[in-house]
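Right after this note come the structures.
Each of the two complexes below includes chain A, the first together with chain B, the second together with chain C.
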Partner chain A sequence: MLADGPEKTGDIERIKNEGKELTKEEKQRLRKEKKQQKKNKEKKDEKAPLESEKEKKPASSSPASQATAQPPTQKASSGVPAPAPVPVAASEAPSPVDKPAKSKAELKAERRARQEAERASKQSKKGEVGQQAAPSKAKAPPSELQPVVKRLPEHIQVDNPEVLKKLAKKLERQQIPLRSDYGYKVSLFSHLHQYSRKAPLTQQLSIPSSVIHPAIVQLGLQYSQGIVAGSNARSVALLHAFKQIIRDYTTPPNEELSRDLVNKLKPYISFLNQCRPLSASMGNAIKYIKKEISNIPSQCKEEEAKSKLQDCIDCYINEKIILAAKAIAKYAIEKISDGDVILVYGCSSLVNHILCEAFEKNRKFRVIVVDSRPRLEGREALRRLVQRGISCTYVLISAVSYILPEVSKVFLGAHALLANGYVMSRVGTSQIALVAKAFNVPVLVCCETYKFCERVQTDSFVSNELDDPDDLIVTRKGKTHLEHWQDVSSLGLLNLVYDVTPPDFVDLVITDLGMIPCTSVPVVLRVKNVDQ
Partner chain B sequence: MPGADKETDLSERIEAFLSDLKRGGSGTGPLRGSAETARETTALLRRVTAQARWSSAGDLMEIIRKEGRRMTAAQPSETTVGNMIRRVLKIIREEYARSRGSSEETDQQESLHKLLTSGGLSEENFRQHFAPLKANVIEAINELLTELEGTTDNIAMQALEHIHSNEVIMTIGRSRTVEAFLKDAARKRKFHVIVAECAPFCQGHEMATSLSKAGIETTVITDAAIFAVMSRVNKVIIGTQTVLANGGLRAVNGTHTLALAAKHHSTPLIVCAPMFKLSPQFPNEEDTFHKFVSPHEVLPFTEGEILSKVNVHCPVFDYVPPELITLFISNIGGHAPSYIYRLMSELYHPEDHEL
Partner chain C sequence: MEFQAVLMAAGGGSRMTDLTYNTPKAMLPVGNKPLMWYPLNLLERVGFEEVIVITTKEVQKMMSADPKIKQDVKMKLEVVCIQEDGDMGTADALRHIQPKIKTDILVVSCDLITDAALHEVVDLFRAHNATLAMLMSKAHEFTETVPGQKGKKKTAEQRDFVGVDESGKRLLFMANEADLEEGLSIRKSILRKHPRVHIKTGLVDAHLYCLKKSVVDFLTDNKSISSIRGELVPYLVRKQFSKTINGQKTKDDVEDQNQKKSDSSTNLELHISSRDEPLLQLAQERSCWNDHRGDMSEAYHGGKLRCYVHIMDQGLCYRVNTLAAYIEANRLVSGTYDVLNVFYCINIGSDSIIGASCQVAEKTSIKRSTIGNSTTVKEKVKVTNSIIMHGVTIEEGCNIQGSVICSNAIIGRGADLKYCLVGNGQRIEPEGEAHNIIGNDA
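Presenting the complex of A and B:
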């Protein structure tokens, strides 16, 4: 099959002709490798994985370990003990530094060997270029483990000036303004961006922008101001914006729709990433759309292709979000009995949906809504529940150990479920799970399968989002203590957005595939990959 | 008559103190710290001793007990008032015993032998009159006042024994004792402090500004981020409102979550509490343990349309069980939580536990 193609392009041609022999992922991988080898020849220096032009995996394929390998060495001098992340997260020791300049023949031989090894399926490959040896990374399709070099997303490498330069160049090429960081960043988080809400990216755009579709500009502004928040809402808004783009799209002459549309989407995605880092659910949705677009056969007519794509998007939203919510509600209602006191945190659209459905089905329960500064999202959940007539109590998160003796169950929503069983959710979720565990109250997490993500993470530092630090400022009794925090050099404000909950705090995860324990997440990911 | 003037003057002062207590406890953060309350209570008791009319120790103790009951009823959550009263009662007992000439030890210890030989109840009725008793008692109360004045400094002096360089220390809310502790250590060592803001009163903000002005690297985090950040913290140092008789704490709300997070990460939890915060209460009275303030702090009246349909709670204190605490640092040194009961017996007489 693939055995002895001497030319790289020859290989690709043969693969193209034989079409179905290789999966799409292998095709993409080969293309990536080709590009990477070209880059390696251009700069012959050892560097950690470079930011590629393909923004395929903005959030979902970064190994946390490689991120920790860099910042701690730079931070050791800053006086904060941070060596802990390295042994904890880096169960895979070698960072992908070993891409020295190789000769062409060596590269070919390597590729051939790799392809032959891949043909012998069910054999794990170790020791190839940029390998990680951890079994916890369930990234590969079931029949083989991908020897892909993981690319770290840019948004967790802010302390690396080369990465920043690359990003600036890329954005310049795509004609998107670069958003600058704001305020003093706490040293533990110097590898993340911190933006101010008062300086949205759209201020630096010229209106009307010729590069970015107005629906995307609107969406970016809604994200950065927090008007559209919550992972489901953001994904749905994104998909609707994409539908609009597809409607307005016309294929330029001499171009194929499947290639060109994907290229058109790239600057939009960069723009949205600048406005607010993409969530795991958005990342998965984008992957799906790109796959669908590239699968459009070339002889398809434009109108047909466009309507097909729009149908795909509608189908995705319907299946993965709306119907999934119904299925999850069905399972969850079995877990709610009469007389229950249910604790929820913040505003999760899925959990609110479950509670409303349970109330429709005449279950008798009452709800305690826990909220936290500075977002105070619990008030929105409170409004929705009270409108339906559910009896509610409202407290702040510092009072949770007072109210927990009354609680019989805790329902939490999730932003993403990571491949090592950790639940990534709004900051404060892990705290509630901790206190619930101490009081022996069961914790149930509700999450659709489209939010499952192949990343792994063990702490809330390496990959997180920093919100505007000015949100913490509050005026009480006419006094605002933190008003001039910028003037004091040793004072920093930290406004985290996400945190990770270890799987031993979670008793059950309710998904549209059923009720699973936290540790079964990689199994579900594997099953999903086989289906695709 | 000068006597009557003194008495009215005294009762005026007591009334003023009581109304201060009632107002100050509205939960919007203590307008006065516990140390000031303790000092004022002790000064007032000294005045009572000096100006009230009494002939024997028993009378004095009755008067003080009566006033004490009124004071604790004015603000039950302010336990330092009750603690100071009990200290003064103990002082009176000691001075009486010394005047009588009997040793203090035998009077205090409850033993099986004593029960059998003395026929049950102690025969002390404190009816004997001793002329120098008044002076002695006032002198002892003065010593107590000096001790109270030096507590914060005594605790702060121990800071260097517990904080090394390049540490990350976490604290919650605002405690003057912890502030002095950290500032004292900052003179010689460099470390980083993370302050949890403790909503809804957000006293952590004041603490953070004050610490950062002293040159300490400070970060303010929200209460929700306590567990997320805890893995990088080396020590947790907190203050408390009261230390209970079993070694547990009654501290500002959010402290229990902080203690659980510290336990999960095996981070030592150090409590800086001067001796006057030690109280002979136990945490088993559910309805009297907690104190609540206006729910307006949590859900303001601007959310009017849902306010009437929901219950909102705003508790001020949290109970922290003694198993989660590693060390108490007080003005007389460091102790384990299991030792607190012994300190209690040195400070207060068992018959004074109920005023």
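Presenting the complex of A and C:
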């Protein structure tokens, strides 16, 4: 059916032109085609801005155009050759409505491209933010070329003015102030947001915040100032705020709790996103909550529904965070033997928990804490470990290759585990894993399953977070050399937050489901989806 | 709702009785607007829609008559009247309105004129889940000559010692020179937790406080506290480091034992802890953030009661509670707020404010002054650096410099006033000369 499409319409047109009467089948087919053409027209309007954006990217004349052209083509889907035929198809078929008689070779090429696109779309899973062109998938019209276009998340398209306009409109509708970017952005990362801590979002809010629940304003402030930092802490704080929202919520008349509450949460989530981009764990938690809310039966009374939701939240935290940590600690302790020298990086709540538990179980080991600027989170990890009585060494990341000959194991925490096995964690983690691999030291990543994310990334440029560049400025002996960095036109400060570690450098991932190799992450995700 | 605003407008203005013996402090005209218009305007600008105004019946009557408040203030004002006898302190007033308080409160004093960004104070309150957040400002020298003052001698103000931590945000202690007998003593527990303390003395307390609701509930149980600034704030600041909160007992707190006995029996702690305490604790535990470094304790040293202060170094922040402050405020306000009515044929500086329905005749010169509503200024008058309130009549040929003329006064022809304060409804004789005099009853 799919392959015959263009040829059949060609036939029909020929028949029409010849003036012969159309058979019943041909009439039906004609009607179907007309319907699809109408739908394609609508989709074309949707596709046009995306196409123009795709064409714009390769055409940009910035010096890093090569580099920026690469990530967009990788961005689109699961790294399968689907993007390549997509721009080709787009340029090839500008008006799918018109059906000029195509040569057989052209038709074959179109068919092949379409098949590839559909194969790619079938393979890629639904992204957490990617609203797949599901309509396009379902309606993949047999006669038209429908490149499978995934809508890219807004937060990695900051250099596209149309996307920014859309975002501004959306925020205006939700009555949330727009946070403006700050400072010069390094060109490789100009597609990401960069905010300043000195310009909080609350500047533009009225003080007794009426539009946004006060718990969310407080949470947003704590995120943007870094008071609540770390994947687990952010998720727990988010769920705590949600509990308060649910407690203070009353269903307006003529509305259903299951639908209205989800709509109420949307502007709050946009607000939190503006304060600090959401983490993968927060995204999963939000998905869970939204699902639970929409699953509330309509005949359920409000009080009952609210208490049920609060129990769900407590249950989620208990299962996915507290018990998961216990399970992971149990598995990890098996891997820690007496006399071990364990290297940890930064401050991961899970790794700290594991080490403290292992120490309680009387394992004899010592820890080397590696730290890096500007966050210097290692100091906090150091404090927590030393408080328990564990003997620690503290080095900066520049000394990692000097200290590695002493190390027997490396324990790393993760911010998220991507679907292709890559580990997304604090910037610097991939370096540690790399050096550890060079020294043949086993690298173990500890991560709860609720941080598993269906996104796929092979590099750290595409989707990352830019922190306040002023954090890099340091005052020593009364002199601040970078104080006026904005005045120097050729200088840009880059404060990255995350990076991705390829699975070849990771020997084992310890999750609450057990100890799995890095490449088994898609399996876990698939099992999780089936369960749900 | 996040905050309820409370405006304390019942103060008597005890430090400027010359001005307030007739007009209550809240309604003194500053730049032709009643003094309480300024904090109300501030609250309206940041987005409040309702304010609870605690005031006396007299002020309430004047408020309803005043056009500025009726028209310009779009917020809903809920006026609570209290007795005028002056026994009620600000904390007593809070206790009085406790049934109306449903959320955290923002208490503002009626004599505050500021352009501070309130979100700085409120953000401290929100982000750190503080019990108290207040606003302070670097004090400015008053440069204008004040009527009644002999020379430039500054009145010996009692100094306030304010101790903040390294970041300049956390309030560690607060003491007034009047309360200290021998010297300033700082508890060891504070120094152990915050080894670097910055002590500041030249700060003006703006009397703007964000307080948690639990504090108001605490006040209802403890009737001994009657003033916010004088008693409640120092109590809260002291209680941050109180041993009962941290649950540790050490030897060197004998004085603390005595204080504990005199302190109220109800534990403020019980009020502060919220419902989802374990979740908040969990989030804080898992978070890799600490507010200090160098010792082994967790964020905030495990203390639940925290007091924060935002110290403004730039911008306007005045508390109009003395005559000097009143004159200074008038001067500044004419520069920042809108000026009306430009007349021709006379010399009016752009830094003066002329009120509505004024009659200013020709050949007058008005510089850096504020003229109230319904004032009549006749010919050949020179007004410099002065504050003329409503309904005043200034006859021809007067020369008024650096003075404050209260409402309904009549300045006779050819009078020459330098640095004087003329009280309400007074008459200055024609050709009279007065220099640096405060006259209340002629």
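Going forward, the second predicted complex is superposed on the first by the 381 of 532 C-alpha atoms of A that agree within 3 Å, B and C clash if a C-alpha of one lies under 4 Å from a C-alpha of the other, contacts with A are read in each partner's own complex, and residues count from 1 in each chain.
Keep this in mind: contacts are C-beta pairs under 8 Å (C-beta built on N, C-alpha and C of every residue); 3 or more make two chains touch, one makes a residue touch a chain.
Predicted model only: the values in this text are computed from it and were never measured.
Participant: Please indicate which partner A:460 is in contact with in the superposed arrangement: first for chain B, second for chain C, both, or neither.
Facilitator: A:460 sits against chain B, while chain C stays out of touch.
Participant: By the touch definition at the top of the document, which applies to A:349: first (chain B), second (chain C), both, or neither?
Facilitator: A:349 sits against chain C, while chain B stays out of touch.
Participant: Which partner does A:416 contact after superposing on A: first (chain B), second (chain C), both, neither?
Facilitator: neither
Participant: Counting touched residues of chain A, say whether chain B or chain C comes out ahead.
Facilitator: The partner that reaches more residues of chain A in the superposed model: B.
Participant: Touching A:383 in the superposition: chain B (first), chain C (second), both, neither?
Facilitator: both
Participant: Of the partners chain B and chain C, which touch A:472 in the superposed model: first, second, both, neither?
Facilitator: A:472 sits against chain B, while chain C stays out of touch.
Participant: Where does A:401 make contact in the superposed view: on chain B (first), on chain C (second), on both, or on neither?
Facilitator: In the superposed model, A:401 contacts chain B only, not chain C.
Participant: Go through the superposed model and pick first if A:493 touches only chain B, second if only chain C, both, or neither.
Facilitator: In the superposition, A:493 touches chain B alone.
Participant: With the two complexes superposed on chain A, say which partner A:438 touches: chain B (first), chain C (second), both, or neither.
Facilitator: Touch partner of A:438: chain B, not chain C.
Participant: Please report the chain A residues shared by its interface with chain B and its interface with chain C.
Facilitator: Of chain A, residues 379, 383, 386 contact chain B in one complex and chain C in the other.
Participant: Which bits of chain C are touching chain A when the two form their complex?
Facilitator: Within the complex, chain C contacts chain A at residues 1-5, 46-49, 106, 117-119, 122-123, 126-129, 276, 279-280, 282-290, 293, 296.
Participant: Please output the residues of chain A touching chain B within their complex, sorted ascending.
Facilitator: Of all residues in chain A, those touching chain B are 79-82, 84, 186, 188, 372-374, 379, 382-383, 386, 391-403, 426-428, 430-431, 434-435, 438, 459-461, 472, 474, 476-477, 481-482, 485, 488, 490-496, 499-500.
Participant: Any idea which chain B residues touch chain A in the complex?
Facilitator: Contact set of chain B toward chain A: 28, 166-168, 190, 192, 197-202, 205-206, 208-209, 212-213, 215-229, 231-232, 234, 253-254, 256-257, 260-261, 264, 290, 298-299, 303, 306, 309-315, 318.
Participant: Quick one: which bits of chain A touch chain C in the complex? Just the residue numbers, please.
Facilitator: 200, 202-203, 205-210, 214, 217-218, 221-222, 225-230, 232-234, 236-237, 239-240, 243-244, 317, 321-322, 346-349, 377, 379-381, 383, 386-387
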